[in-house]
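First chain written, first letter: the chains are A, B and C, and each begins at residue 1.
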Amino acid sequence: MTSTPDLEAREISKSFDDFKAVKDISFTVPQGTFFSILGPSGCGKTTLLRMIAGFQKPTSGDLLIKGRSVLDVPPNKRQVSMVFQHLALFPMMNIGANVGFSLRQRGVNKSDIKQQVEHVLERVGLGGVADRSVSSLSGGQKQRVAIARCMVLEPDVLLLDEPLGALDLKLREHMKIELKQLQAEFNTTFVYITHDQSEALVMSDQIAVMNHGVFEQVGTPKELYYAPQTAFVAGFVGEANKFVATVESIAGNAVTLRTQGGRSLQGVAAGAGLAKGTKAHVFVRPEAVRLSRSAPQSAGNGGEGIVQNVLFNGANSQVMLLDQLSGAEINVALPQTGEYRDLVKGGAVHFWWETEQTRVYARD
Amino acid sequence: MKIILSTVAVLALGTAAQAETLRLLTWGGYAPDDVIAKFEAETGHTVEVTKSNNEEMIAKLRATNGGGFDLAQPSQDRIAGPQAEFGIYKPLDMAKIDTALFIPSMLSATEGNTTVDGAVYAVPHIWGTSGLVVNTAMAGSVKDYTDLCNADVAGKVSYRLKRPTLIGFAYAMGLDPFAAYGDEAAYKDIIDQVEAKLVECKAGVKTYWDGGDELKNLMRSGEVVASMAWDTGGWQLNDDNKDITFVAPASGALGWIDTFALPARGRADEAAYAWINFVMQPEIAAMITASAGNFTASQGGDADVDEALKAKYQASFPQAAIDNIKWYPSVPAGLEALEGAALDRINAAK
Amino acid sequence: MPVTDRSKLTFYLLLAPLLLWLVTLIILPHVGMFIVSLREKVGVREYETSFANYAVFFNEPLYWNTFARTAYMSIASTVLTLLIGFPISYYIAKLTRGRTKTTLFLMCLIPFWVSELVRTFGWMILLRETGVFSGVLQYVGLADAPVEMLYNDAAIMVGLVYTSMLFMVVPLVTTLDSLDDSLIEAGYDLGASGFAILREIVIPHAMPGIVSGCIVVFMLSLGNYLTPILLGGKDSLWFTGLIYSQFITRFNWELGSAFGFLLLGLSSLIVFVGLKLSRQSLGKTMAQT
């Protein structure tokens, strides 16, 4: 598979006055991929998306769609469509006119428009609503109309600007799955920007984690979750316990550290720049930490903790422990077996995690 | 001697009656501040002045059935008609007016014109004429109203779209509208002819002027070189530009007399009579002439008038021109509707 | 019970100024005027009740034509004001922010700090034969003699558009301000040209503002008195001028009142037809602006 990627950015940059919002980013998105750009607000992801859509011109670099540079192509001529944050459905038109808008601009004849509109509405599961007004739809239905409106043109790339942000939690969970299904159904390349890691993890084939105008890491959800390459990714994707520690010895991948509280930790070096005596960030995911009633005998990191708080949330319950030795706080995911349902505040319990789950990054 | 007597009379009136506020409805220049100050000092009455014109005076008084003002100054030809129609004035008590202060011929003419059902409604105050104001350097050919239609001044003439224009043109066309006042059919015939003439002339008219300042502006800038206007307008322009002056038209200037009349529901009659007797004193009349530019009906009132004004007056009015002045007779009720319709049609004509 | 009594009292107290205003300043004078308009003068101080005054309007082509001309000129000035005001409003609402926006908006307001009379005299100074424009044209050699730009229909139009501009710009800026920028971007994104976006998105959204602006400007132009009289000069013929002359110079209140009512009725009719043609309702327009 060496076909041309649907979307390719080459060292693309955007500056506003003396502020550089996007710094020399390069990436490719193969055809049919659900590509997410994940980052906190202000990281430059919206600027990047607007450059792809054509609303903003890059300061430098090149942007290719299906292998052809689109820098000089205005947004109304680009083969990309965008689903806006608040959807931007036209309130002055009914649903059919909204969906058929782009076809009308191309001068498609009326009966064809009607047919294609009905077809695409059926594909998003909204057949027969063409004559209704936009305001008669629920939030999720509007979402689907917005996608149908873009898809009717069969764009090469569909851009989505945090479209789930305005929905309530339950609907958002539901729409995540639906969006993924729609993407599979249309087999179109989606570029999705969000600050919600769960949205990105659930839907994406590829995720780019963006911070301060650069991509920290690009990879599959699993790679990002289990093998974050930078401290930022480790902290931003998924939950993690974070400690600051000093490197005591380093041998190949294996690192021995001591936290400020005095606990000795064994970990693996996940990033470059570690050396004896340097400060480092240590990340451990809550679900990597195991609990036991008695002191565990295996190698790794562990100790005894006092229960500070039990955060019961069904399958996602956690317990907050205070490390007796170092005084550090550690979040631990409660096993779903119900084994530790009797834990109460003030109780003592042993905790333990594997050396491989202890990821160490140089502190910058 | 006379002055002392009348001052004593005024003082006597002032002390006998209570101090009142005189609400005066008049023309610009007819009640200058120095005269008001003198009057207030001598009588104790206070004066509030509202400046207006003939039509507005009648409209204002009609709106209040003759209330809101204590003394009005309409022209003598516009009293009998509106009085018959709307009853906005009350008869004058001639015993309270010092008739010795007036020029007898003017007083009796005004009395005659403003008598309705045997009662007198007005006494004369200021008189003047309307005719032509001409920039003699640029429009020497304009000698009569109809000369305003001449080709050599086309686009540079102006007049008002009001009844004096109709009357003036009628005389210049050799007709006699005043003689036809009593005969509506004959009068309509005259107005129809004038209307045709004015429609024909319209193309050469710069604009129809509305207020005195507008006209002076047009004449001063040279945009207009000849216009129908009041004599004072011409004399004032003459101060700025010696070429511009008032010309009595060959067919005769139109003479008007502005009067004193009491609104039907005026409240300060004593003050009103006091004002009339006060301003008709010769030296006060001269002050008003200086301000308004026109001569008054005060006996001997022209004695103290500025020589320059007298000179301009004499230049504009040789004896023959004075004899030729057409004094407005009282307008019979109903004729104004006829004239109004004609003026509307002229205004609408292309 | 006391609660509802009190809220009722509040309701009537709040209603009172409105009623007072409506009844004493609007309804009563109109009723009075209507009664006057029904009096037919048959002789000196003799009147009969009839529709004769209204018949005069329809039987005398002069009056009828004057109204038609006034309405036609007012519609033209409304369209012109809209055509000039729309880009201005769009610029203010969409392409400027913060202080620039406030400044531009204020600049639209400044002419209204002086009276209409002064504004109109300003135009007279510019347009008259010995005025500024004529002088400039001669100076740059585009004219070899003084040019008279006053006293014609174009001068009236300039004055009317200038006088009405604010009343078009304010509602337009308000509605355009409420147009989400992403709708315009979405239009571009979906392949629309600038013109198509204007026609399909911006104008439909701004329709309530356009309609209310047009109604106000049309009514203001139709009811304007000073501008046509002063700038139009001998060709000023304007329906309000007819009403004025009936009331003031002809002492014919009866005909003047009838004209007043005809102006009210006919202008309402024109607005109604305009709303029907643009498929807008007054209620909708008022609710959105």
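Rule of thumb we're sticking to: a contact is a pair of C-beta atoms (placed from the backbone, for glycine too) under 8 Å apart; a residue touches a chain by one contact, two chains touch by 3 or more.
Per UniProt, the chains are A = Spermidine/putrescine transport system ATP-binding protein; B = Spermidine/putrescine transport system substrate-binding protein; C = Spermidine/putrescine transport system permease protein.
Small disclaimer: the values here were computed from a predicted structure and weren't measured.
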item	value
Third chains touching both chain C and chain B	none
Centroid comparison with chain B (C-alpha atoms), farthest chain	A
Central chain of the complex, centres being mean CA coordinates	C
Euclidean distance of C-alpha centroids - chain B vs chain C, Å	38
Gap in Å, rounded to a whole number, between the CA centres of chain B and chain A	92
Centre-to-centre distance between chain C and chain A (centres being mean Cα positions), rounded to whole Å	56
Residues of chain A touching chain C in the complex	53-55, 74-77, 80-82, 84-86, 88, 90-93, 101-102, 105-106, 149-150, 153
In the complex with chain A, residue positions of chain C that touch it	180, 182-183, 185-193, 196, 200-201, 204-205
Contacting residues of chain B [partner chain C, same complex]	55-56, 58-59, 62, 82, 84-87, 155, 161-162, 202, 205-208, 210, 221-223, 333-334, 336-337, 340, 343-345, 347-348
Chain C to chain B touching residues, read off their complex	44-45, 62-63, 65-66, 128-130, 148, 150-151, 229, 233-234, 236-237, 242, 245-253
